[in-house]
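Next, two complexes with chain A in common: one pairs it with chain B, the other with chain C.
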Partner chain A sequence: MKVPPGVSPTDFAAALAQFEQAVGKEWVFTSDEDVALYRDAYSPFIGEPDEIVASAAVAPDTVEQVQQVVKIANNYKVPIYTISTGKNLGYGGSAPVLSGSVVLDLKRMNRILEVNENNAYALVEPGVTYFDLYRYIQEKGLKLWIDVPDPGWGSPVGNSLDRGGGYLMAQYRNHFDSHCGMEIVLANGEIIRTGMGAMPGAKTWQEYKTGFGPWVDGIFSQSNFGVVTKMGFWLMPEPDAYLSGIVYVARRDDLIPLIETLNYLENTRVTNGMPDLGSPLLHIPMISEIAEWNEGNGPAPPDAELAGLLAKGEGGLSPDLEQYALKNGIAYWSCKLSFYGAEKANAANWEFAQEKFSKISGVKFVQKENYKLPLTPEQREKVHKPQFGIPSLTMFSIGARSPVNPNPTNGHMWFSPIIPRTGEAIFEANRVFAEAAKEFNVPALSFSLPSTYWERAFIYIFAFPVTRDEDTNKKNRAAFKRIVQRAAEHGWGEYRTAPAFQSVIMDTYAYNNHALLRFHETLKDAVDPNGILSAGRYGIWPKHLREAKA
Partner chain B sequence: MSKLVGFSIAALFVLVVANGPPAQEQQTFKSAWTATPVSGEGQPRGYVQFQDYCAACHGEGQDKPGTLALGAKYKGAEPAMLEKRTDLTPQLIKLYVRNGITVMPFFRKTEISDADLGAIAAYLTRNNKPQ
Partner chain C sequence: MKSRREFLQMGVAALSLPIAAGTKAAASPSVPSKQATPAAAAPVQLYKVVFDTRFSDSVSFAEEAGRLGATIHGIRGDMTDLWYYDLDARWKKSPVAIAGLTAHGPLFCFEQLAWNHRMRVVFRAEHKYLPDGRVEHSITGPESMVQQASNLRDANDWPNRIANVIANCPSARAKMTQAKITTASRKSAPQENETLFSWVIAPVKRA
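Up next is the complex of A and B:
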């Protein structure tokens, strides 16, 4: 059995025995076979000596058991690493950041504590999945929607603490922003509640976020300052209707006014759903089209002329490509707008949006879905489910073997830089990343369009493949680190990453000699002086390990 | 005056009790990865566990990544849906669930217990021909 770094075998054995007393023997995992299930299935180090692995795992069922486990760990200075449902694939899975940590697996804590239909909120434990919350709401017949990320088997608590996103109206898509109130077990075992929850008997813990005084919730996301054991979320009341329409523009540079107009319409809430960008010319599907394309039901493959132009198209951009598009009546760019709300208001907002886009010469519009809600079973089968608050695992069809992907990888690590919300930034990012891929000798990143989860910035989500070949993984890791640096040189930072790169990326947030990281470290040393909680998460290391590394 | 204060406190107490915090449901779910619960009535052992844990990827339909993947792998030589296979063994099913394959991750015992995995294996091998 692996022993955590800095802990004697005797102390570790004593801690494990006490964990067993706290949670029950069957919920402390120490055999190699069981501990192997706490590896990161998508680890870019998989099978190598440097792979980050746990020493054991402990799975409490209640907050009181979490307190006991944390106290025991603090007493023996055993590093523990918290996971909720452990489905953070591509960003770490269920593995720790510091090898040898004991994983604190909160999956068993899956109580839905409250769902309030009148004011649309929920209070849940970390082991609750999006599927669980959805099923609860359906079973009770509540007219509420949840904002789900693409794979719905994750945890609302874990996903929001990792600052993930979804697909509904803008105010729900950023899952951390849409939380309201937390309960946290600190490294000494003490419980705090944030926001209104700090008041005994508070009536509005899930309805008013900030309470009184400093609002500390943010420091418990992408960090290691406590173990979050409850979290509230604002839910979306089921709207009256949904309408979508696609805007098609003909020329390469039309992307610039397309995005400018989109920004205006979103920031004024004329369109309140997540926009969806694509390129019919470059064969880039919109997110809502991906599943259909992967099933082999996409557009016909490019003809010989287009295939030739794409191959020499300098990252999807060339006058010849534009000429081809104009000659053949194929749109260069597409943008799907979504509207949730009263049926008549959706139609009026779509009409106003078309008016605004009409300043782009040659623009075309196609109205798509127009659904009175709830969806009928037939409609439900056709839609991109997360856009209707329905959890699904369909997005795994991107990486899984399929007619268009005959040789699947063994996972991926996400390179996810945030860039400005402009057409110019999209062009620049593609140029920079294509050049970088060539320079770093990794498969060229074909022209890509960013995702639009966040309101004021774009995000690119590039998958670096994880394989079972060590040399390939080694090469991709090196390229990943270099592309992070290249992005930082252009002022683009990642929003989230896998454990293997968290310190690398934290180092790019280096303003004023890493003043922000030093502030995080000051906090870490104050609230967790023994450095037992999730050491290394998001590049925040406890003092003794910083000193050891220095 | 003291009487009045006493009365006020008592009234306040009654008020707090009457409007006390709503009872929290504390409902524990058996987690599942499908949007729609299924009934196990009249179904073989392991049917519900398969629907709860596996069907979101391995159920019927081209939008199920596992079914899509196995269809692309076997190209008709074997059924794409696991539930229609007759050649799987419990050992093989357990191997994939605990080791993963390509983008399918492995699953911890806090997610799929050994007992549930055994039930799934029994269900998927129910139609196997006797050896």
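Up next is the complex of A and C:
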């Protein structure tokens, strides 16, 4: 059995015995077979000595048990690493950052404490999954939607604390933004509640976010300052209807006014769903088209001329492409707008959106979907389910095998830089990342479009494959670190990453001699002086480990 | 590296086959194959055997499993509905074993979800088409199953034989071993030659 770093075998044995008293013997896992389940399913170190693994796991059922576990851990200085459902694949999964930590597995805390239909909120524990909450709402016939990530098997608490995103209206897509109120167990075992929850008997804990005084909720996201044991979320009332319309533009540089107009329409809430960018010319499907294209319902394969032109462009786009597009009547770019709301309002907003886009010469419009809600069973089978608040695992059926990744069974690492919300930034990012891919000897990057999970900024999400070959994994990890630096040189920071790269990425947020990290460390030393909570998460190391590394 | 869009787009062309989902070939639970070795432990009771309607090998596997008495369930690559409408509730009541011959995605999902219910993959075989059309089978499982699987060697009906192997998955914890075998295959369309995985997921008593 692995022993946590800095803990004697005697102390560890004593701590485990006390964990068993606190939560029950059956919920403390120390066998190699059980602890192996907490490996990162997409570990980029698989099979290597550096692979980060837990020493044990403990699964409490109640807040009181969490408090006991935390106090025991503090007493023996055993590092613990909190997970909710451990499905954060591509960003670390269920493995700790500090090898040898004991995983604090909150899966058993899976109670839905309240769902209020009138005020459209829910209060849940960390082990509640999106599927659990969806089922609860469906079974009770509530007219509420949840905003789900894709895949939807994670937990609202876990996903929002890692600042994940979804597919509905903007205020719900940003999962952390849509939370309202938290309960946290601190490193000393004390419980705090944020926002209105800090008032005993508060009537608005899930209705008013900020309470009184400093709003501390943010420091518990992407961090290790406490163990969140309850979290409230604002849910989306089921709209009257859904409409989608696609805007097609003809020329390469039309991307710029396309995005400018989109931004205006989104920021004024004319369109309130997730914008979805694509390129019929470059054979880049919109996110909502991917499943359809994979079923063979996409455009015809490029002819020889187009294939030749596409092969020439790597991040830059040949001007010959535009000529080909104009000659053949193929749109260069597409953008699907989504409208949730009253049927008449959706139609009016789509009409207004078309007026705004009409300044782009040659623009075309196609109304795609127009549904009264709720969906019929037939409609439900056709739609991109997350855009209707329906959790799904469909993406695992799509597959990821390709000539550049012939063995996709080992997963991927997400490289997720944030870039400005402009067409110019899209062109620049493609050029920079294509050059970097060539320089760092990773497979060539064809032109790519960003996603719009967040308002006001774009996000690129690139997959670095995890393979069965140690040398390839080492090469990809090195390339990942270099491309992170390259992105930072251009002012593009990542929003989230796996434990293997959290310190590397935190290092790029270096303004004023890493003042932000130093601030994080000051907080860490104050609230968790023994450094037992999720050591190293997002680059925040406790004092004794910082000193050891120095 | 690939963007998330390209990553999701790299799929396999689907092949639709006229097999209805949820076909119940017999009312009884899984019965042992006639090829079961005398020393084999009682086979694990399989709640469902999953197959992918897109792949003729998987359909053949399911037909044989059905003949052996299993309740078969067809998916078209996506296991979400089987999980949501059936297994999620079933496993919450008590863990029950399932088996299948599918692409990797469904196996991966079932395996991850089964862990929450103290279940593991107790048998796993990768069936990979080689450039010359033969199939390479990499098998990990209980000794008795791997031994039985060795009769794949001269077969060109490996899906049917694998169904028989799976029907004999022991219910008790067993010594695990591995083997790699190559077989001929029936001719099938190139787009079908996705590497498939046969598997059994079952409750496991803690060591």
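Just so it is clear, the second predicted complex is superposed on the first by the 536 of 550 C-alpha atoms of A that agree within 3 Å, B and C clash if a C-alpha of one lies under 4 Å from a C-alpha of the other, contacts with A are read in each partner's own complex, and residues count from 1 in each chain.
Here, contacts are C-beta pairs under 8 Å (C-beta built on N, C-alpha and C of every residue); 3 or more make two chains touch, one makes a residue touch a chain.
From a predicted model like this one, the values you see are computed outputs, not experimental measurements.
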{"item": "Joint occupancy of chain A by chain B and chain C, clash or fit", "value": "clash"}
{"item": "Chain B versus chain C as contact partner of A:112, first or second or both or neither", "value": "first"}
{"item": "First (chain B), second (chain C), both or neither touched by A:42", "value": "first"}
{"item": "If touched residues of chain A are counted for chain B and for chain C, the larger one", "value": "B"}
{"item": "Touching partner for A:460 - first (chain B), second (chain C), both, neither", "value": "second"}
{"item": "Partner chain in contact with A:512 - chain B first, chain C second, else both or neither", "value": "neither"}
{"item": "Which of chain B and chain C A:201 touches, first, second, both or neither", "value": "first"}
{"item": "Which of chain B and chain C A:131 touches, first, second, both or neither", "value": "both"}
{"item": "Touching partner for A:392 - first (chain B), second (chain C), both, neither", "value": "both"}
{"item": "Touched partner set for A:34, first chain B, second chain C, both or neither", "value": "both"}
{"item": "Which of chain B and chain C A:441 touches, first, second, both or neither", "value": "neither"}
{"item": "Chain C region in steric overlap with chain B, selected from 3-11, 111-119 or 183-191", "value": "111-119"}
{"item": "Contacts on chain A seen with chain B and repeated with chain C across the two complexes", "value": "33-34, 37, 41, 85, 87, 107, 131, 135, 153, 294-295, 392-397, 399-402, 405, 408-409, 412"}
{"item": "Contacting residues of chain B [partner chain A, same complex]", "value": "16, 21-22, 24-29, 31-37, 56-57, 62-66, 68-70, 72-73, 98, 100, 102-111"}
{"item": "List of chain A residues in touch with chain B within their complex", "value": "27, 29, 33-34, 36-39, 41-42, 57, 59, 85-87, 89, 93-94, 105, 107-108, 110-114, 123, 127-129, 131-132, 134-136, 138-139, 152-153, 201, 203, 291, 294-295, 385, 390-397, 399-403, 405-406, 408-412"}
{"item": "Of all residues in chain C, those that touch chain A in their complex", "value": "1-14, 75-80, 83-84, 88, 103-106, 108-109, 112-113, 115-116, 120, 194-195, 206-207"}
{"item": "Touch list for chain A against partner chain C, complex", "value": "31, 33-34, 37, 41, 85, 87, 107, 131, 135, 153, 284-285, 287, 290, 293-296, 392-402, 404-405, 408-409, 412, 414-415, 437, 442-443, 445-446, 448-449, 451, 460-465, 479"}
